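Both complexes shown next keep subunit A, but they swap its partner, so subunit B is in the first and subunit C is in the second.
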Partner chain A sequence: MSAVLAEMPESDVSKTVAPATTKAIAPSKGGRPWTFYVLAALFAFYVIALYGPMFCIYILSFQDIRGGLVFPMKGHSLHWFVDLFTQVRTGDVKGSFDRSIKLAVIVTVITVVVSFLAGLGFRKRFRGDTFVFYMMIGSLVAPGLVLGLGTGLLFQALGLNASWYTSALGAQLSWTLPFGVLVMFAVMSRFNHVWEEAAYDLGASRWQSIRLVMIPVLAPGLVAVALFGFTLSYDEFARSLQTAGSLNTLPLEIWSMTLNVTSPSLYALGTVTTIVSFIVIGASLGTIVLIQKKRGSRAKG
Partner chain B sequence: MQPSPTQSPAQSPTPSRSNLAGWLYVLPLVLVLVPFFAAPILVVLAASFFATDGFGGLTPGFTLASYVEVLHSALTLKLYLATIKFTVLTWIFTLIIGFLVAYFLVFHVRNQLLAIGLFLLCTVPFWTSNIIRMISWIPLLGKEGLINQVLLALGVIRQPLEVLLFSDLAVVIAYVHQLTIFMIVPIFNSMARIDKKLIEAAIDAGASRFDIMRLIVVPMSKSGIALGTIFVVSIVMGDFFVVKVMSGGGSASVVSAFYEDVGVLQYPTAAASAVLLTLVLVAIVSLILRTVDIRQEITR
Partner chain C sequence: MKNDRGDIELAGVCKSFDGFTNVVDGVNLKIADGAYCCFIGPSGCGKTTILRMIAGHDDPTAGEIVIGGQNVVGLAPVQRRTAMMFQSYALFPHLTVRENIAFALRVRGQSRSDRLRAADAMIEKVRLTQFADRLPAQLSGGQQQRVALARAAITEPRVLLLDEPLSALDEQLRVQMRQELRRMQQELGITFIHVTHTQLEAIALADLVVVMEQGRIKQAGPAREVYAHPRDRYVAEFMGGQNVLSGRVEKVNGASFTLAQVAPDAIEVPLQARPTVSVGDKVDIAVRRDDVALVRPGRELPPGCTTSLPSRVLAIEYQGYFVKVMLDTVPDDEFVAYVPEKAFFADPFTVGDVVMATWASGSALPLA
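Let's look at the complex of A and B:
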């Protein structure tokens, strides 16, 4: 998905789709086939079903102290947000929130660097590349809880303490790296090798061609990898469950809340964590658009 | 399109040197995957052959007792049937919705920028918390939830429907809600690569709308469907929290039973069941991979 957004204006899709579509699928300008209206209705329904429930809990989290888990709204206040961060009974939300952000930042940095290098490596065939590739796919599809348990037992057997910044960090990387590398694959496949060749012809070293040619050209794709790294880590649950040790990350906190908290506090937490996600998504997409725009104006000028 | 990876123009030294360079680049990846994927899987495999004292202590050894226990239990069959039921239902719904949404975006939205915008609109929730998206169904599906309130007000029903929340229906709804995106993205990608001239030619040759769908769009979206299927199947089969929360404890799946086993420190039984599940998953995924070379598909 990120490949699409990372390469928006220059994707080869844009060149082929536009003129042909108007002719083939929709013959005349105003006239749409009946399937268009059916599919448009289905699409609208899908989007409403996708966002509707989420917005319900955001709205319900702003009730006052009488609030319950369902509509109708009972008053409006920020009571449940205050409750969330001050009450002990709901657990250590603030601490887990801090930990989750820190962990997500660490995971993001490692994911971007390792995925970028692996993306470079996988451009050429080398002995054993298929093995590494399928190990990565295995890491992606393996049940998270099973991997988490295995990691937990491994740490136990080695006499190491499980904690969020060691075992949970590794467990999360086993989930974010395959995504990161797959995104890099999609990004790299659109990279024109001529530019790199030109850099070598002009006497650039391997490191110079990476730093001065590849990284700037691939920047939007790298932002997309970072977006995956951060959000997948920030929301990761199954793999962290057996590996986070005694201190919870935020999704683990939410999980324990779903089991024992039945107040709008739970929804307030949902609203807070979604705001963080939206900020990160907005910042990433904004950065990509900005890079593209800058390039567009430079190309014109 | 682009040159294939094998013909990469960047200096081509002797094979052994390019092997070394390739390995150097993927070395960090391998250094993460070995201790945090390969080793844990081997640990689980080993634990499935160990004996236990019943209190979480493991005695190294080799016994098939755990496998015998898992395979002889009537519960195992029930769990697998439940898991397969959820997987198949989720797969069917995500496939139909995902295919139609992708088809709409690629073939019906004329403005390219609008298509990308709508596509992003579909993907944004993917980057937010799955747990939150799951519990967000509670105010809608609950006994006093919005859907029951509306249906009662309209006079369609006299008693609130109880099957909406904490039921198998709720589990499937939550899965479809979370996973349709995994179908949309790869199917969208493969559909976007279909040359529109092909469809134009088919129309000129007198093909009906149904023929175009059957003979061009579906076959050429096959790789996307295969990729989406791998994601949906492996996530549903490996999931436990949707089943646990949305069924209200009424249903169980293979992994949620595994979770209970771990909770009571029955590591060898849990490990044996995990190994069996992984084997089933590997069989399904490799069956799908036989129909499509995903590596070539992604790099294309």
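Let's look at the complex of A and C:
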């Protein structure tokens, strides 16, 4: 067979072979193999397992005043959302939310700047670069609780007061910086360094080549690093537990609420924080889309 | 600084990256203002390094690079007034064609309207007007090359450096863009230095062909000189189109000498440019493949031919206007005759035939 094929011109080969191949893969028109249904079911299960628990919380947060912590749902209203921000007994939700957002913004800015600089530093190989790299990401393996405990102890030993914007900031950076650097390296690996050389050849200063070439080309990647930094910080619990001092961040507040609040306002809080997360993610993705659209609109053929 | 001369002189230029081996090893060369110069050699021969040193992207370990009478070692590309076209063009992916071309003016602080006007004039020159608002990713390879050329040329450099500019293109486009490069060079009237590993490209384009091997220049000269009169075996084999034979000098007779060869017949070689040979020297000679005539044994040799070497036909390739006949004339070495198509088919050979390979004795060239 192969000898015959070898002697035939290419177009003839495809004509003779193609129908047979098509037949083997798809036995009947429009039908799908049984494996499709098995895998589709597996995917459906995965989605339910992923989002089911969350939706339980969201649904139960919309009960009325009779509502409890378990199904069945009793009526529907926004009562527990109002309760969340007005009742003192639920804890300092507004304050902790405020602190968490501020902290996340600070962490994001530091993470993006430091990761970008690390990315620049690692464009070329240098002596001991592997060592420096492992030193940077090494703290990822330390259990967060232990690391937070250590940070708290260190501050105590140094006679400093632990608070969310000092010790907790430091503890969170030990978590977001390695991640930011790893993402940045993946982003930088797609940056062609000849672009920098071309910019230099055309007379750009180092700063101009960073501002006019590197940052715009890497912009979507930098947004991704920012998103990482923000969500990791906004969510952070283990490292903040022993380092936040007297004022709680939001995850700590939620945790303490699970211990002493027995009303659906706990669920309402979960719903609100999820909405905030979605807004942040949506804004980030929107920014990336906007950057690309802007390029596309200037480039209408 | 307002010096528009683009003549280049390399004096004892060396480059070492590790401190032990010289990638470029003592190169001396003069390139005239407005010349089209091609550096050619196998990969790793140092040709791209020389280009990058002229461009100001690498500094020589030793030696001087003089452009327009001024030593430019240590100067930035802008101060040298050179521009480089990179192998993969290195167009900025986030900028449109117009913005790419205007980039050099932008970093010089020209106003937006001025630089876009200048870019549009350049875009017209390279016939890309209808693509001015596209991104590089939306262009074909040939169009990208034109953008790269326009981007490099907009600052009116006195030297344009091209690093394997045609290697990213397919065969047909390569020939077309080759002509375009030559046209642009004549239009701009500046020195072009072009690095390639394709012999055809070099001899088709260049006023000055520089053949390199292991960091040294083996031969530099006009295309025809390098092709037709290679200095040594390396150049002859690299440029192609030549058969190289070696043997010992048997007899020196005035303006020619006789080369004893493995073949039964001695080969008569005119001395030509080679100053002297003495009996017993080992000498390489070159015979152009299109100078070799094939005659059936026993037939009379064409006039002027004294040497004839019996050979067997190993393979035949039809090339269109000529036929490539591969022979076993010399052991261990290629020996090829390019026979004009009509002559070949008047009396075609087949593989395995025994033929006499012969050439006019004046056409053999002694090599250094």
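Points to keep in mind about this one:
Operating definition for what follows: the second predicted complex is superposed on the first by the 264 of 301 C-alpha atoms of A that agree within 3 Å, B and C clash if a C-alpha of one lies under 4 Å from a C-alpha of the other, contacts with A are read in each partner's own complex, and residues count from 1 in each chain.
In this text, contacts are C-beta pairs under 8 Å (C-beta built on N, C-alpha and C of every residue); 3 or more make two chains touch, one makes a residue touch a chain.
The structure displayed is predicted, hence computed values, not measured ones.
After superposition onto subunit A, partners subunit B and subunit C are found to sit side by side with no clash. Of the two partner chains placed around the shared chain by superposition, subunit C is the only one that A:Val213 touches, whereas subunit B remains out of contact.
Residue contacts after overlaying the shared chain place A:Lys74 against neither subunit B nor subunit C. In the superposed model, A:Ser139 makes contact with subunit B only, not with subunit C. Touch criterion met: A:Thr273 reaches subunit B, while subunit C stays clear of it.
Note on subunit A: of its two partners subunit C and subunit B, the one contacting more of its residues is B. Once the two complexes are laid over each other on the shared chain, residue contacts for A:Glu197 go to subunit B and to subunit C alike.
Per the superposed model, the minimal spacing between any CA atom of subunit B and any CA atom of subunit C is 6 Å.
For the contact definition in use here, the residues of subunit A common to its subunit B contact set and its subunit C contact set are 192, 194, 197, 200. Those residues of subunit A lying in contact with subunit B across their complex are 1, 3-5, 8, 12-14, 16-18, 20-26, 32-33, 35-36, 39-40, 42-43, 46-47, 49-54, 56-57, 60, 69-71, 110, 113-115, 117-118, 120-130, 132-133, 135-151, 153-154, 157, 170-171, 173-174, 177, 181-182, 185-186, 188-194, 196-197, 200, 227, 231, 234-235, 237-238, 242, 251, 254-255, 258, 266-267, 269-270, 273-274, 277-278, 280-281, 285. Against subunit A, the residues of subunit C that register as touching in their complex are 55-57, 76-78, 83-84, 86-88, 90-94, 96, 99, 103-104, 106-108, 131, 133-135, 138, 151-152, 155. Those residues of subunit B lying in contact with subunit A across their complex are 1-3, 5-6, 8-11, 18-19, 21-30, 32-33, 35-44, 47, 97, 100-101, 103-108, 110, 112, 115-116, 118-133, 135-140, 142, 144-146, 149, 177, 180, 185, 188-189, 192-193, 195-197, 199-200, 203, 209, 230, 234, 237-241, 245, 255, 258-259, 262, 267, 270-271, 274, 277-278, 281, 285, 294-295, 298-300. Residues 192, 194-195, 197-205, 208, 212-213, 216-217, 295-296, 298-301 of subunit A are the ones touching subunit C in the complex.
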